[in-house]
Every structure is written in structure tokens, then in C-alpha cells.
Amino acid sequence: MFKKVLIANRGEIAVRILRACRELGLQTVAVFSEADRQALHVRYADEAYLLGPAPARESYLRMDRLLDIARRCEADAIHPGYGFLAEREDFALACEAAGITFIGPRPSAIAAMGDKMAARNTVSRAGIPVVPGTEGEGDLSDEALIAIAPKIGFPLLIKATSGGGGKGMRIVESQEDLPGLLHAARREAEAAFGDGKVYLEKVIHAARHIEFQILADAEGNVIHLGERECSLQRRHQKLLEESPSPFIGANEELRQRMGEVACRAAASVNYLNAGTIEFLVDHDRNFFFLEMNTRLQVEHPVTEMATGIDIVKEQIRIARGRRLRYTQAEVRFNGWAIECRINAEDPYNNFMPSVGVLSNVLMPTGPGVRVDTCAYPGMEVTPYYDSLLSKLITWGESRAEAILRMRRALEEYRLIGVKNNIPFHQALLDSHRFMAGSFDTRFVEDRFSIDDTQDGREVHPEVAAILATLVAHHQTQLSAQLVQRGQRDTSNWKWIGRWERMQR
Amino acid sequence: MFKKVLIANRGEIAVRILRACRELGLQTVAVFSEADRQALHVRYADEAYLLGPAPARESYLRMDRLLDIARRCEADAIHPGYGFLAEREDFALACEAAGITFIGPRPSAIAAMGDKMAARNTVSRAGIPVVPGTEGEGDLSDEALIAIAPKIGFPLLIKATSGGGGKGMRIVESQEDLPGLLHAARREAEAAFGDGKVYLEKVIHAARHIEFQILADAEGNVIHLGERECSLQRRHQKLLEESPSPFIGANEELRQRMGEVACRAAASVNYLNAGTIEFLVDHDRNFFFLEMNTRLQVEHPVTEMATGIDIVKEQIRIARGRRLRYTQAEVRFNGWAIECRINAEDPYNNFMPSVGVLSNVLMPTGPGVRVDTCAYPGMEVTPYYDSLLSKLITWGESRAEAILRMRRALEEYRLIGVKNNIPFHQALLDSHRFMAGSFDTRFVEDRFSIDDTQDGREVHPEVAAILATLVAHHQTQLSAQLVQRGQRDTSNWKWIGRWERMQR
Amino acid sequence: MNYITTVGERTYTIEINDENHVTLDGGVLEVDWHPLPGQPVYSVLIDGQSYEAYVLPTEGGYQVQMRGLLYEVRVEDERELRLRAAMELDLPASSEYPLRAPMPGLVAAVPVNEGQTVDKGTVLIVLESMKMQNELKAPRAGRVAHIRVRAGQTVEQNQTLLIVE
Amino acid sequence: MNYITTVGERTYTIEINDENHVTLDGGVLEVDWHPLPGQPVYSVLIDGQSYEAYVLPTEGGYQVQMRGLLYEVRVEDERELRLRAAMELDLPASSEYPLRAPMPGLVAAVPVNEGQTVDKGTVLIVLESMKMQNELKAPRAGRVAHIRVRAGQTVEQNQTLLIVE
């Protein structure tokens, strides 16, 4: 059984995994790029080694260096986190070859689910419904895709075969737009995955994105930990997730049926460890297999809060060859959990990423609040990696309590120095459709605007006016003092300026 | 039903209560002394009003000003928190007279339980065992107490009749020490409560301090939320609490019996709202009523984590006249919770209080971790109030998991600028007796030393040596540079010095 | 001195009387105003109401972010107001607008050509940063004058990418 | 230059070779040392092992607090070491010790008198602060020289309360 785990990742998820290892008494090894020397995952780990320069392909994607570090420091297991090398069959194989436990599924399952077309074929054969599209048709040319498109019907979706996270994905409304969007999608997929292969898929109207967390052990036991509602997305990036889903709600029969299908889909590729089955659910509660994520999910905490099960610790236990600690009947759902992804993005400026130094951080705390974050005062947010600063999770006995907790937690959260999307979440939580739980995957992009929601809310323009005026007045006075002081002793000018700036 | 709540308190508990109010959609009013203008409770509230100068008797103990503010801002309820006016019958009566809901018990119950001697008499009559002592004997003179003492037997305890929190409390080992210690106890009680009355109580050997949280509604329903283990104390100040108690553990029969007695004790004074029954439990599992705290308890979060019930919200619901939302059978205990009280005290220097500015705060987060705190970067810790900075609470499926989580959370916690007792908790959690759950109320003072525990732990003196040497070397170099710079332009000396200091 | 402060379409006349009082449109308010140390965050009590807000200077004034809402505020004293009124008469309706990189990144595409006329909202540059392709759009209609970068080029924060006339 | 660094009863000879290397008792170690901004906290990687510690200057050296343990460290270069050795020969065994208030508070009691001889651990002053009565004890045996405060008096942090000879 392994004793020392190398975490081949960065950011909040590296910290999350370190915590689980530490709580299980395992030694931890962090790796870092030149941009991350002061990151929390480096400071919290028992050991830490430099991988290379900031760009991911020179650091966090360098399999050779990761395995070399693991060998040198005698790490006998690797946790890949999400993103980077988490869903790379070749990396899992290389770990196996080096005698290092890969904390995740078998390479064959990664491969089977990694090619979206092959995955759809596999689960189809197991009798699981999939969304109509060009699955299983192989690597079709633009011409072939353009010919098939009308049979699927518009609107349809172009998706990257090696895709994930919305990269290389495009919605096509009509036949005329198809050639241009195919080109754009292939270009983006090529840049993101080194693979420009794409396929087409029917768009399900008013679709919900609902996924099931599953756990599978080496003896072939597979259980699910309930669903996560992930329909609130922008550009195919999830923004807010909850468990359970308000769409499934008290419909235990539907939950059980979807959960069984999810377990069957995982079993169809002889799955091991934690994974997620994503479904599209239409208005009439028909559900279709979308894809399987063969890794830990960003939004796993909502399931942890709703079940009390620590998924990362279960991953490690499974990788150590242990039997699942729960049967399906022993998994108990309790209350409601919501996660808001706090990104370094400006919600008032088209969600433009923001970089800079986080000069101050004040985290919300108290009952029912969890924060998974890599942010600390003094942290520099760089343009090299994704913009996720923090995951704010609240739990309540009911959905209403979880929402009210999230509102007060968002109000308390201060992340100074970098623009972030907290105001977006505040507006979203105040919207009637969110409160009613009636939204689909198009809601955020098509029918929600942060500006619209200002109408219904309590506004205080006069307070804003007073505050800005006080700040302006104060700064005018400060400048006047500076000029006077400078006149007395001009040789000190430079130092005064510096000093005054630091006082602000 | 009330809509606006004035919180007649400060510090972490004011923030805790504000959060509950906000999550219930109630308007909140903070009050503050001149020392607390920038405190979180002021910043988080909807409204905030100045009470007076920093000393509590000129601010947080000023009933007249509190009621005046409540009237002026039309607050229709007051939550007293703990300490200050929380257990003052006259304050509860004054609220009632002003038509303001006091979120707490009826004045009569405060009075009945507030006088420790009367309380012991009341519960005795209800058939509840109490610790032998001079309860119910009235206000005895030193001479009378000295005469009775040998009949109770040594060691015995001097306790203040109006007491709480260990003030005016002394352990007496022998008859000779009694006169001097009576004098000291009366002096301290007089200073703390304006009342020098004391009584004697037998010391129970190897005693555990175990308390039960109860909730009671206006219809007379009384339930308990299980026990809290509070034996880890220093100078009668609790330091670490857990729920459940490892001493009761899986002994459901004992838990049920104690819980029933606790509910009976509350019912004997027609109790309303949240309260706590404290028991002393001896080695043979005999338990004795110690006292009832007629208020929210500092350590209430461990019960919240183990039951999922938000006690402060329940307090507010009960005060609004609602029926209890749970029957005793519906209260479900799940997992284990531990709380460490993080105080501004130097564990390496006899727990001397520490004051100053918290220049930086890094809170532990992640699964199973909760922090209830008033600390923020830039906060000034003043000598006017108690030294509680933060309550760190962890939850685990088992006691072992809760302990391991607490260890990693303590390791992560950074409170820079003020000395604090985190190292004490780290040592305590590493001690074998704590891990085994075998400790009593004398353990911390008699058989635990932060220095002893260094023996069994991994030490790194060479790392400490290297770090200190690097810091010393760096400072020597910095001074040398400063002198050189100063020589170039001595007129800038003052500014350089200031600027350099800020760079450090 | 009076300040004329504009929030959206509303204009307020504000006078700072002393440390604890301001006059807002003729009514005196008690104001207890505290900058929090080292942060552009301010705690203010106005007649007992507690507010906390970010106040960030922008080119034309301040952004005030408070209770989940953003307010764009312009603060001018009477002299500045007269000055601006005079200047606006002299200035042409539009002038050059330099499109700057909002963050460091890689230019993924330049979908416009020099001399091309563009509408408000036309994508001028696609900039890749934080694993996302970010579209930088024209803030108003105009003509693309100088394009200073090409696809594949790495750019610094605030670097001018192109000019819209 | 060599430093002679003492931790408890152990003494190390340490040389700072360059930014990334130190020699500890003859063995070279790779050291990646980072002060965290604005804090007396240091992150250090020593041959890959990650440590984070508070390093606080004290009168005689440094307190290093790391992984829940406190280390008292004295750092001297060779010149200082010789100097101290010479000084210790000259100095009398004891000198005056001023008892200072560790925090602001109220003097609750002064249980000793001027001229009284005290043992190590004798309570000299009872200081009330943060609602607690705190006993300030003699750090070593000696004689109470000057008592500068009386019961009931308010004192500032670091104010000298009395002198032990």
C-alpha cells in the first residue's frame, strides 16, 4: 500500500487533495511551475519540486518530469486532480509502467470514455440512451458532416472528439453557418488538445445538464452518490452547481432510474475509482448519456456536503485496493448543497479574465459554509492557468436555506485586487427563475443579464454618491498636503510620494 | 412577529447571530464601543450604533443605551449572545417592559438558574442529583463556611454565587488554605459581578464536565441535542469541546438517561429557548447537576455540526412563538465534531494575553472545517474584552477523522501579529491521553505541558537553525545596504528608514 | 465647496461639512466613514445604516461596488463642471480609441483589417488567456486605424493592440 | 562567513554559500527560501522538503515556530561569539531585571514589598487584562528593588512595573 502521494496539479484542487492525504496520514509531494513557488499547495505539502516554466506544457503537462520527480522522491502514488493529465491514458499507463499507483480509473476506461464517439458507442451497446448525432461514424470530413447535418436537424452542436470544458464546441443554428463554425471549432480543438477531430450532436431543447457521481471498487462494486444539477453554464463552463437537482427534486423514481443507468454505464467500461456520468435531460424527463468524466470533478464538494462522504479520501482508499465502505442503500442524502465558482473574471465587462495581486482576502465562514480555494493575501493571479479562484459551497436543510446562506456568504466574501464574478452570482441568486429552479443550459446566456436584475433589487445610488464624493474629497486634500510638503523640502519628494502611496 | 433584531454583543458571537438573522431575512442592528468601529459585526450589520467608550461597563453593559437605541431604530427583538447581559434577569425584564422580544429564556428562569444556590435547590426538589456542598444554605460568612468545610471534605471548590466562566472560583486542598482563598475568591467575584457571595462544593475526583444542549418552546416541549464534552479546561476556561463525548461514546443508555434529566431540569424552571445543563460525571458514571447556562453557549457549534441543527436560528424561531421543528426522536446524531478555542494568549508564556494588530490572517478551509471568528486582517486585538479570536470546528465521520482534520486545520491556520494558543492545541491533539479520550477536568492543568509533548514529536532543529540564520544574514545585509544608501544622501535618511520598514 | 456627483442618470449636490456630516441635496446626514487599512474598501455609517463598498477610481470617475451592485459615479466640483462643459463644446464628437490588452496573453486572431469600418460590438481581437479565448470588442462604431499586433504574438497587459478612429 | 547557530543544546555551523545553497556542519544543502509578503513567515524548501515557519526576533536571538513546535535559536557570527565569550567573563552573574507589562491592563495586586527576596516563580504583580487576572512571576531568584506601580493603577504595554536585582 502506497505511503507517499505526488499531486500532479496546482490551484484549489491540489490543496483539496493534499488535505485528504494529510487526513489519511499520507506523505505529500507538491509540484510547481515557476509561477507557483509561493502557492498554497507548495506551502502545505511535505515536499515540493520545481517542474519548469509557467506555461502548462513546460510544467504541469510534462509527464517525463513528473515521473522523474516521483521516482527521485520515492512517491508511490500520483493523484492527477482534474484537467492537465487527469484524463490521459498514456499518463496512467506510464505510471503503471513505473510501478506507481495512478489514483484514478484503469487506462482502458480512460481510453474507452476519452474518445467521445467510442464512449457513445460503448454505452449505446449497453442499452443506454444517447443524444442523436454522428457518434460512431468515425472521423468525418467537413463535407460529410455538412451532408449529415440536416438529418440530425438544427440547432445542433459541434463537439471536439477529444474535448472537455467547452473547448472546440459550437452551437449551429442553420446550415449556412455550419462551414464557418466547423472551421472555428476545429481550430480551437487543435489548439486545446492537439486534435481537430469533431462530431455533431442534436441540441436538446430546454435541456438540463444533470450528472451522477459514481464510485467503483476493484471488486466491481459500483454505487452512485446522487446527482448534481449543472445547467447553469456560460460558454459551456459551469458556474453554479447544486445537489440534489431541483428538476429531479422529490422524484425518487427518476433519481433511482438515472442512478442505475449511471452505474451501468460505468460498469460497461469496467470502471474503477470515482467518475461522473453526464446526462442531458429534456423537458419531459427523457435523459440521454452525454459523456463520462473519468476523474474527480470540480463540483464534487456539493455531493460531499449532501452525503457526508469525502470523495477524495474514497478515491485514495479505492486506489489502495479497499472495498467500498458503503452499499448503495447506506448512502444517505441529507439537505441541499450549492456551489458558486468564484472566477477571476469581470462580470461587468463580458467576463474578461482579470490578473493581478490579491492584496486582501476575507472569507465567509460560519455554519454551513465551505470554501475550497487556493487564494491567499498576496497571491498573484497569472494568465497561465484557468481563472478559478475559489469554490464557495453552502449547505442547508432545504434548498431555500442553502440559497439564503449562499447570499449572505457572497455578501461577506472580499477578494481585493482582482476582479471577480461574485456580483454575477449575487444577481443570479436573486433572479426569480433561479429561485424557482426553472432554468436550462441556455438560461445564463440567453435569458439572464447582470444588468437586468438590478431593477428588482434595493438600490442605494445616494450612498454610492456620498462614498465616491468622500473618496474624491479625501484624495484632493491629500494631494494638496503633498504639494505643500514638497514645497518645504523638494529633495524628499520622491520618498514622500512612495511613502504616501503605501499609506493609501 | 419581530422583523428587526438588535444584537447586544460583539466579537465572533455577534457575527454568528448576524448570520442567522440574515439567513432568516431579518433586519440586523449592531452596537459597538469606540474600540470596535471597524469590527466585522459592525460591517456586516444593516445598521450600527455607537454605545460608548471601550470598557464594557460604559458600552456593552449599558442597558439604558441599548434599549434607547432599540427604540430609536425600531428594533423589536434583542439577542444578547453570551456574556455581558445574557444572563441578567433585569435586562430581560426591561426588554419585556419596552415591548421588545428578548431572544432567550423568560426572566423568571434566568433568575431561578442565575443564583447557583437557588438553582441547586430547585433541581434537587425535582429529584435531580447535585454535587454535595453548601447549596441552599444562603449567604454564609467566612466563619460558617470554614466550619462546614470539613464535613464536605477536601479538596473542595469555592464558587461565586453569581459566577460563571471560572471567575471567583478556587480549589482548596486543605483547611489551612481556606481563609486566604475565600478572601481571594470574594475579591475576584466582587470585581467581576459586583457580588462577593460564594459557596463551597465538593470536588469530584477524575470528574468529567459534560453538558447537554436543550431547546424548549412556548408550548412546553423540551428536547435535548445530545451532549458536549467540555473537560479540557484551564483555570475553569474551556479550551476544547467535542460532541459526542468519548466518555459516553456508544453508551446510549447513559446518554438517554442524562438527556432526560437535562430536559427535566429545564422543565423544572418552565424553561423557554436554548439552554445548557452542565453535569459533573465521576469515574463510575454517576452524574451530578452542576448548573444551567440560560443562554447560547460558546461551544454550541459542535452540537450544530453533529446534529445539522442551526441552534441560533432555532432560538429565533422559538422567540417568534414557533413550535419546535423536531421531536426528540427526529434529532439525529451524525459523526463527530471538535472545537478548539483560538485565544490571543501566549502558550509559551503562561497563557499571557496578547494584544496588537493582526497583520495577516489565513484561515483553514475545505471539507469538514468551520471557523466562527471575528478576526480579519488589520484587526486590533485590545485588552478590553475576552481573548477569544476564533473557534475552529472540524467534523468527521468518526472521532479519529475529526481529530486528523483538526490537526491539518491547525497546521494551516495563520494569525500573524498576535500570539495565540494554536501550538497548545497542536500539542494537546498529539497527546496520547487526548487521543484515547481518557482525560478529566484536571488534565490540562495537572498532567499536560506543551513542552513535554515535544518529546514524542518529529523535531527539525536543523531547519529552525537554517531559517533563523537566513533571516539574520538577510537583515545584516539589509542594514549594510541602508548605511551605504544613507551615506549617499543623508537628507533622505528618515524616509528611507520608514520606507524600508514598510517593505519588510 | 459643493460637489456635483452623478450616478447613472441621477445627479446629487453634496457638501462635505466636517468629518462627520455631509449635506446631500440640502439635507444634513451624519456620516461615519472609515477606509479599511490597505484596501480600496470603505465602511460607512450614514444615519446608522451600515454599508461597505469597494470604491475604485476609473478614467472618468469611480466604480462603487456595494451589496452586489455596481454604480458608476462621476464626482466633480463646480469648477471642474464648468471646465468640462466648456471643453465639450470644443471637442469633436469622437477621437481615437486605443484598444489595450486587459491582461497578458496570446493574440489568437485579428479578425479585422486596417481601414475597415466597424460597428459597436464588432470583435477586433481574440486574445487567449487563462485557457479561454476572449473576444475584445469595439466599444463604439468607427474605423480601424493602426493594427499593432498579429496573430500568434504574445502581449503584455495594457499593451495597445490597435486604434479605432 | 560562518554562523554558529544554537537550538536548545545543539549547535550548528552554517555558511550561506549563495542564494540557493547553505552548508550545514560541512554538508551542502539546496535551499529555496521565500519570505511571504508583509509577514514574519518564511516558506523554505530544503532539498525538496517544504517547511513554513514564523521567525520572530527576540532579545537574544529568534523564536522559530514551525509545525506546532517552538524553537529558541541564537545566531552568532564568529566575531560576535568571541565578543560574547569575552563579555561573559567580565559581567557579574546577575544584573537588574525590569519586569515590564506584557500588555495594557489594571494592576490588581502587588503581592511583594520592596527589598523582599524572591525565588524564581514568585508572583510579583497581578495584572488584569482581557477579563483575566494574570500573574507575572519572577524569571529568576533575586531581590525586589523598585516597585513603580500600585494596585488599582492602569498601565501601558511595556511599562516597567518593578525591578528585580
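In this document, chain identifiers A, B, C and D correspond to the written order of the chains, with residue numbering beginning at 1 in each.
In the analysis below, a contact is a pair of C-beta atoms (placed from the backbone, for glycine too) under 8 Å apart; a residue touches a chain by one contact, two chains touch by 3 or more.
All values derive from a computational prediction rather than experimental measurement.
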Using the contact definition stated above, find the chains touching both chain A and chain B.
C, D
Comparing the two chain pairs, does B-D have more C-beta contacts than A-D, or is it the other way round?
B-D
Greatest centre-to-centre gap (Cα means) from chain B is with chain C
Averaging only over C-alpha atoms, locate the centres of chain A and chain D and give their separation in whole Å.
47
Rounded to a whole Å, what is the gap between the Cα centroids of chain A and chain C?
30
Distance-wise, how many Å sit between the C-alpha centres of chain C and chain D, to the nearest whole number?
52
Going by the touch rule set out above, which residues of chain C reach two or more other chains?
38, 49
What parts of chain A, by residue number, touch at least two of the other chains?
44, 360, 377, 411
Contacting residues of chain B [partner chain A, same complex]
15-16, 19-20, 22-25, 44, 301, 304, 308, 310, 334-335, 360-363, 365-373, 376-377, 397, 401, 404-405, 407-408, 411-412, 491-492, 495-496, 498-499, 502
The answer for chain A against chain D in the complex is residues 30, 37-38, 42-49, 73, 377-378
Contacting residues of chain D [partner chain A, same complex]:
32, 34, 36-38, 43, 45, 48-50, 52
Over in the complex, which chain A residues touch chain C? Could you list them?
165, 167, 188, 191-192, 235, 344, 348-350, 352-355, 359-360, 383-387, 410-411, 414, 416, 422-423, 426-427, 430, 454, 457-474
For the chain C and chain A complex, residues of the former touching the latter:
3, 5-8, 10, 12, 14, 16, 22, 24, 29, 31, 33, 35, 38-42, 44, 46, 49, 51, 53-55, 57, 61-62, 64-71, 73, 75, 102-105, 108, 128-135, 137, 157
